[in-house]
Amino acid sequence: MEKWDGNEGTSAFHVPEWMQIQFADQKQEFNKRPTKIGRRSLSRSISQSSTDSYSSAASYTDSSDDETSPRDKQQKNSKGSSDFCVKNIKQAEFGRREIEIAEQEMPALMALRKRAQGEKPLAGAKIVGCTHITAQTAVLMETLGALGAQCRWAACNIYSTLNEVAAALAESGFPVFAWKGESEDDFWWCIDRCVNVEGWQPNMILDDGGDLTHWIYKKYPNMFKKIKGIVEESVTGVHRLYQLSKAGKLCVPAMNVNDSVTKQKFDNLYCCRESILDGLKRTTDMMFGGKQVVVCGYGEVGKGCCAALKAMGSIVYVTEIDPICALQACMDGFRLVKLNEVIRQVDIVITCTGNKNVVTREHLDRMKNSCIVCNMGHSNTEIDVASLRTPELTWERVRSQVDHVIWPDGKRIVLLAEGRLLNLSCSTVPTFVLSITATTQALALIELYNAPEGRYKQDVYLLPKKMDEYVASLHLPTFDAHLTELTDEQAKYLGLNKNGPFKPNYYRY
Amino acid sequence: MEKWDGNEGTSAFHVPEWMQIQFADQKQEFNKRPTKIGRRSLSRSISQSSTDSYSSAASYTDSSDDETSPRDKQQKNSKGSSDFCVKNIKQAEFGRREIEIAEQEMPALMALRKRAQGEKPLAGAKIVGCTHITAQTAVLMETLGALGAQCRWAACNIYSTLNEVAAALAESGFPVFAWKGESEDDFWWCIDRCVNVEGWQPNMILDDGGDLTHWIYKKYPNMFKKIKGIVEESVTGVHRLYQLSKAGKLCVPAMNVNDSVTKQKFDNLYCCRESILDGLKRTTDMMFGGKQVVVCGYGEVGKGCCAALKAMGSIVYVTEIDPICALQACMDGFRLVKLNEVIRQVDIVITCTGNKNVVTREHLDRMKNSCIVCNMGHSNTEIDVASLRTPELTWERVRSQVDHVIWPDGKRIVLLAEGRLLNLSCSTVPTFVLSITATTQALALIELYNAPEGRYKQDVYLLPKKMDEYVASLHLPTFDAHLTELTDEQAKYLGLNKNGPFKPNYYRY
Amino acid sequence: MEKWDGNEGTSAFHVPEWMQIQFADQKQEFNKRPTKIGRRSLSRSISQSSTDSYSSAASYTDSSDDETSPRDKQQKNSKGSSDFCVKNIKQAEFGRREIEIAEQEMPALMALRKRAQGEKPLAGAKIVGCTHITAQTAVLMETLGALGAQCRWAACNIYSTLNEVAAALAESGFPVFAWKGESEDDFWWCIDRCVNVEGWQPNMILDDGGDLTHWIYKKYPNMFKKIKGIVEESVTGVHRLYQLSKAGKLCVPAMNVNDSVTKQKFDNLYCCRESILDGLKRTTDMMFGGKQVVVCGYGEVGKGCCAALKAMGSIVYVTEIDPICALQACMDGFRLVKLNEVIRQVDIVITCTGNKNVVTREHLDRMKNSCIVCNMGHSNTEIDVASLRTPELTWERVRSQVDHVIWPDGKRIVLLAEGRLLNLSCSTVPTFVLSITATTQALALIELYNAPEGRYKQDVYLLPKKMDEYVASLHLPTFDAHLTELTDEQAKYLGLNKNGPFKPNYYRY
Amino acid sequence: MEKWDGNEGTSAFHVPEWMQIQFADQKQEFNKRPTKIGRRSLSRSISQSSTDSYSSAASYTDSSDDETSPRDKQQKNSKGSSDFCVKNIKQAEFGRREIEIAEQEMPALMALRKRAQGEKPLAGAKIVGCTHITAQTAVLMETLGALGAQCRWAACNIYSTLNEVAAALAESGFPVFAWKGESEDDFWWCIDRCVNVEGWQPNMILDDGGDLTHWIYKKYPNMFKKIKGIVEESVTGVHRLYQLSKAGKLCVPAMNVNDSVTKQKFDNLYCCRESILDGLKRTTDMMFGGKQVVVCGYGEVGKGCCAALKAMGSIVYVTEIDPICALQACMDGFRLVKLNEVIRQVDIVITCTGNKNVVTREHLDRMKNSCIVCNMGHSNTEIDVASLRTPELTWERVRSQVDHVIWPDGKRIVLLAEGRLLNLSCSTVPTFVLSITATTQALALIELYNAPEGRYKQDVYLLPKKMDEYVASLHLPTFDAHLTELTDEQAKYLGLNKNGPFKPNYYRY
């Protein structure tokens, strides 16, 4: 088994400031239903990601006229159950169709379901989940069900729930507590409804952002006695787990699926290679050919952005702090510069660093007229947007997600998504990418749930390489791709098992 | 410090058969000078790499008429020393010019020399080395000297020594024992002359292929008491070390520089991206546009080959055994096939697997007329060349490194370098790549020599990430590349030291 | 001057069937205002392009509630003029802002305006125009005004007028007759109002699609006595002119700006390279990596599509009828196939041939589930969409411009824009491309208007190469591109004028 | 039929100074055999291309010891004929093998031979040829023979003849007059022996460079009475013909095969895309990744160089004089600069302009140390090499075709091939490219020889498009490429003949 980091004694790993979040001083009056105003003033501990805006988060059907809070409604599904809370159970049929379409594009999960007809590797599992609630998540949940698990689910983001899908899940018997446009109070209430149930206790956690894990730690620490493991998918949540581990407070094994090879490459390199073009085009209708672009950061995201823009005929400059990534940028044909050197001449500035204040007010002051500024990194800190909210600058919203910030001399900067993630705000994530993530989550749950005593300790683990390879292999048929098998003789020569794993742990792909 | 593999208990790492080589049953009568015939029949334990042919290995000046063995000659350099054995000390001047030209292209080592004017991090070091002896190696050796070390050197390959360079080194006082065209007996004799000296014992080993290390283990095991560490650069040598470690026989720390990030990317991805084109063009003058090519293996080497050929207008198919690499091939735009599916239609077959018998006689029988077959992998086992040495097939040498193998029906297969490495046999390695390797070696020696007691145990280590980053940073000025520095605020936010290391150990680049 | 085609006697040029349209037998009762129903049944002679749908054609402001036909309204601009007919003159301010934004992205026209402060090359010109009415067209019209011309304008497409822009033009004194959603009767009425004026006769025509030219031929043939020339920008219109010329009926010189180098490359190669990705992404959110795509036709449009998809990691097959283009496809790295050979395996089918029934029902029957089918060619004939309107197939509109066509066995084909142009229907044309076209039109008008007697006869001409080069040079500053000038000595050596033209007429770029 | 240039009255075409060569004042004493010294001082009228050096021009076998001039030898082939003059008739067998290998790579000519088994389109043709004499030319000549023609042949370049091939041709009965290393006097003597024969008069000319045509004009003008046409393949020769035409002195039709589409694309774009990499690598072993390169000129050659280097990870700048090509460079992702702006920073300078003194001494003075300078254009005038032959600079030949020019301060410039064509001097032309040229020549001969009276006048013509398409189609099988055929219905719709031509004459590909 691959552990997160075998060398914690050394300085190689770091705990970023932005992860050192508030576990201590949170005091939430949860059980009292707050007034509407009260709701908003609650809980500062909500994770950043839970309030990110999502372009794919639009409801399919229009239900804007229904102002009643779902918490105040009495709803039953067709089997008479009311153990759920969604916007409108009547939207179930529409949601079901969306789920069916998603099933067609998630062959790996469907393959798992097929295998589950014989064995039920999750029989007895009681999974509580907190993720985006979309058609793709529904396919995952119903797969977990087919594998033998019982599930209860809340949303990890107050905007991203697709109400129709939530309705369809509720209709088919899943206790789902989520709707689009929750207040922060709603958010915690929904999570609580998932875990605080009579006669049911979770033994597995599937989390995205760490809010569910956090809630159980705060409210029901005893629950961990029965929990066999946590599967966490987000950067933020993984780092929270790591903090817990470091502080000696992690009391169950946790699986970091965020850093599995396949997920990383698809979420970052392959997905961003496409979404940078899509995000820029949908918002600005600009032409890429001949444009001068500076990309800040040459990690997987930066590599994807640079490759795409170069292919479209842009001239791309790169900034980096890490000399190894910098040398890669050079060998891939990009001029490595400091931002100051090119800021006056570029047509587009793209941040992908994970850092803060990479684009400062000083940079913004020096950009030329019509320069486009956007962020593909992991949060909204990379561009110092706050510095633009000063009286001498005029903001003009020209279309959804596009602001013109106008200097006194008439110069306009085109700011996209107010500095939040362009790919999430102005593009969409392809189902294929979500399929990889969901399959990884399912396999991590199976692994943790079935692992023999002692294989995993109270620590954070990477997905075993063999499972990473299995996720990949389940997605090859999509491309009609034919894998070669080792002969016995070759396997012996290489010292490998014919079924993998095929690489040493440090292999970089 | 990053250790090779923190999880040896698990099955993730493997000991390939081809590395399980003969440490036990070797009986070499070393000290008796054998007759000429006798020499050839000696020592089976010589490493495979020590007999590879090299295109860059040609002597600059013609000295073919001199048939006397260097071992039988009496030579002195201008200072009167005769502690060396080279082809012809009179070639020193020509060699010196070559070294001076190489210095211009190895700015990183020259930068180290400059820093060494103040401190001498290798003062007291006694390094015994066994590598290719080329102008670039000479720059490394003279840098080690400038850093305070004493060196004695032999060649790791019987063909690759540049006699003029060896002469120049001998002339300037380095005890060098090497010439182009050594017999296997010469090979071991030279190594022995490096270590078996009165009044001098090495305390550091720099090895390429493991033959030197092997020799000391066999002949002078007590020497390890004074040795502070081994730096090994080859795949083969690294695996030998790993075997020793596993068997509990490794008695000093060893540094695996082969798997450092920078070296890997340059030796494989970036270098092969260029040398596949160069090797094919020099041997066949073929046109790449429109050609159908199958590349077996999509590791770093395969990735480089595929990218280059795709860019030149070839249609590229890929075969893979590892589903993760296979999925990468798909996302990069290559059809993933089994070799059988395309073998009848392709114009070129390239192996880059590290495996054996990837291209079998059966495949060769089915190829079309004029199909080109070559190997970019790590040894000469990938194409079953032996299967072609049968009576019904005619071999025709059409130019250096190019054979036509002719079937009874007239079909010709174009076999390059008899299945040995195309890039080494038919292309050249750019000095810039060698500079990266040499700098990595120098830094690994400094690190091992200066490490405080206890930092390294009797195990195999990867180069600390910070040093990997340092190697990269020393090469950035070549590209006039300007690195960005973190502000204090940013470093704090990211939880990083401003000078690195910048990434967690598992980062994949 | 470059003439269209110097060799009409030979068979090199062809008159496609689809252009052999109805000049003879059209009888339109124009002057009677028809009833609403009557309007629709009128005039078959409207050009195909005049009814194409446009995604960029949405009005900025919502005025859907106003049901009164503009023809029935009484409107005056602020100066008291009522010589125009637009949807709502009160939208002028909004439209003006759009025009001002467009001005910033059309530097070439702004440069012409600047030069016009001294000389007025269009002084005395009376231009009647019929084009799409957008912010970019407004910049063109106001530039023509600044150059000295009087203009009257109608729309060339019944859907594409931006009402706000039309209002802004009317407000600033341009007699504009156009609105979004004209009936076919409205369409001809608007054109007539442009030319049928007391006391004003046009002496130049700027047409897009040939409808305006056609109308004058039919209704006011005597008008041609005063007309100095026609500038036509569309494929269809150009072919109509060619037909007239061939029939000996072209009575004034005409300039084919459609085939100027710069316009061709931007409208086709460069624009489609970007819009194929944009159009597919906006409609399907698909991932390009690893997808198998067949592109029918390897002209400029096909070349752009193939390059973009290959860069995004798709595997691209090409079909061609022309062996030269086919050989280019091979050399660019694409497998050249017949559609039948790959139709079962591809994920996307894209047509760019200008031909008809390239994708037949038989092909559609054999495609795999979820295959996407779309058209980037010049009309809606390439995919036999009509063949899909049969009872056994179910159509399901899944979102705007996206239909699922469902076979009895459940197989779904994803048909985009019902087989109409994907780039126009589901993407947008960047302002930069429109700027090139508008500049070309302006220069063609200047050239024809100022040409000395005899330079142009009653024939169809290509834009003089020098003007083509001038259009290009006006757009270089956008890219901060610095052109090199020939020295006198070099110009003499090459036998060139230092100011161009720089290439022989047959140069292919 | 497509004529060269239908608009000679306008300024679009230009007669470069470098083509205004010496037709008037040449006085050559030809018939007297000069002394050896005398030979060298002769004939200034030899075309530039006839003395270019060629890397592919090496003899296969070593015959350097034979010092006797072929003109002084008595040789007979095995059938007793002595109507030839080659280096050594005994090398015929080796040459024959080379021809057989070439036949395998020239399937188009072999296909023509096959068709010729029925009809002999060149029956009665008496062709005199003057081209490079290589294995590929031999395949062409023997194809012309198979098509019914009689041929006599000389070399168009004093260095490029492969003696073994010439011997093989002589052995099989072709009167060939050529050897490697002719003097200028030999050159004209060989040409004269081809045309000045008793009882045989040519009726077709196949020329490369125009020297043969020139000789007949000067010496045997009456011969043109029987000549049906000239096929010319070189830029220089074509321009000479154009001059003749302009001066009214061209007395037979001539076919410019140099500007046929297929040949242009292959000779320039596709071939240079590969040979720039090959030429640089073979001479310098440099690494392309990260290098800064400036390419002067963005015509077909420049486009090929830029695409290849960009793909290998170089950062490429472009200079241009033509705004259209400049805009293409921008859209393809290259910074357009003046040479001065980047000359201090680039690692490589490549000229592809056809111009002179593009790189001046001033530029060379400002380049950085180790900068590589080379020429891919059409002659050796682009780099002002003469300016480097001054006393303060030291030249050092470091290997074949590579000079270091050393400044007083130690700066070295790496000059390749002394400024002559890199692709010809330091790379090789693939057989596939030569096959396209040879097929074009054969078809041009057939067309001119069989054209009905009056189709061609005394002018210069481009190859009919249909033949250009035919050349392409003959080469598609090499790529297993499958062309689509129009249905009758489609052909009618497009107004095309199903067999082509498929494009209007002005189509740019």
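A few points about this structure:
Residue numbering begins at 1 within each chain, and the chains themselves are lettered A, B, C and D in the order written.
Just so we're on the same page, a contact is a pair of C-beta atoms (placed from the backbone, for glycine too) under 8 Å apart; a residue touches a chain by one contact, two chains touch by 3 or more.
Per UniProt, the chains are A, B, C, D = Adenosylhomocysteinase.
Please read these numbers as outputs of a predicted model, since none were measured by experiment.
Looking at C-D alongside B-D, one finds more C-beta pairs in contact between the chains of C-D.
Taking each chain's centre as the mean of its CA atoms, D is the chain most distant from chain A. In whole angstrom, the spacing between the mean C-alpha positions of chain B and chain C is 59. If you average the CA atoms of chain B and of chain D, the two centres end up 42 Å from each other.
One finds 42 Å separating the Cα centroids of chain C and chain D. Residue positions 270, 289-290, 312-313, 330-331, 335, 479, 481 of chain A each touch two or more of the other chains. Listing the residues of chain A that touch chain D in their complex gives 289-290, 310, 312-315, 330-335. Of all residues in chain B, those touching chain D in their complex are 104-105, 270-271, 273-274, 277-278, 281-282, 285-292, 307-308, 311-313, 345, 369-370, 427-428, 430-433, 478-481.
Contact residues on chain A toward chain B in their complex (touch as defined above): 1-7, 10-19, 259, 261-262, 264-266, 270, 319-331, 335-339, 341, 354-358, 381, 462, 465, 468-470, 472-473, 475-476, 479, 481-487, 489-490, 492-497, 500-506, 508-509.
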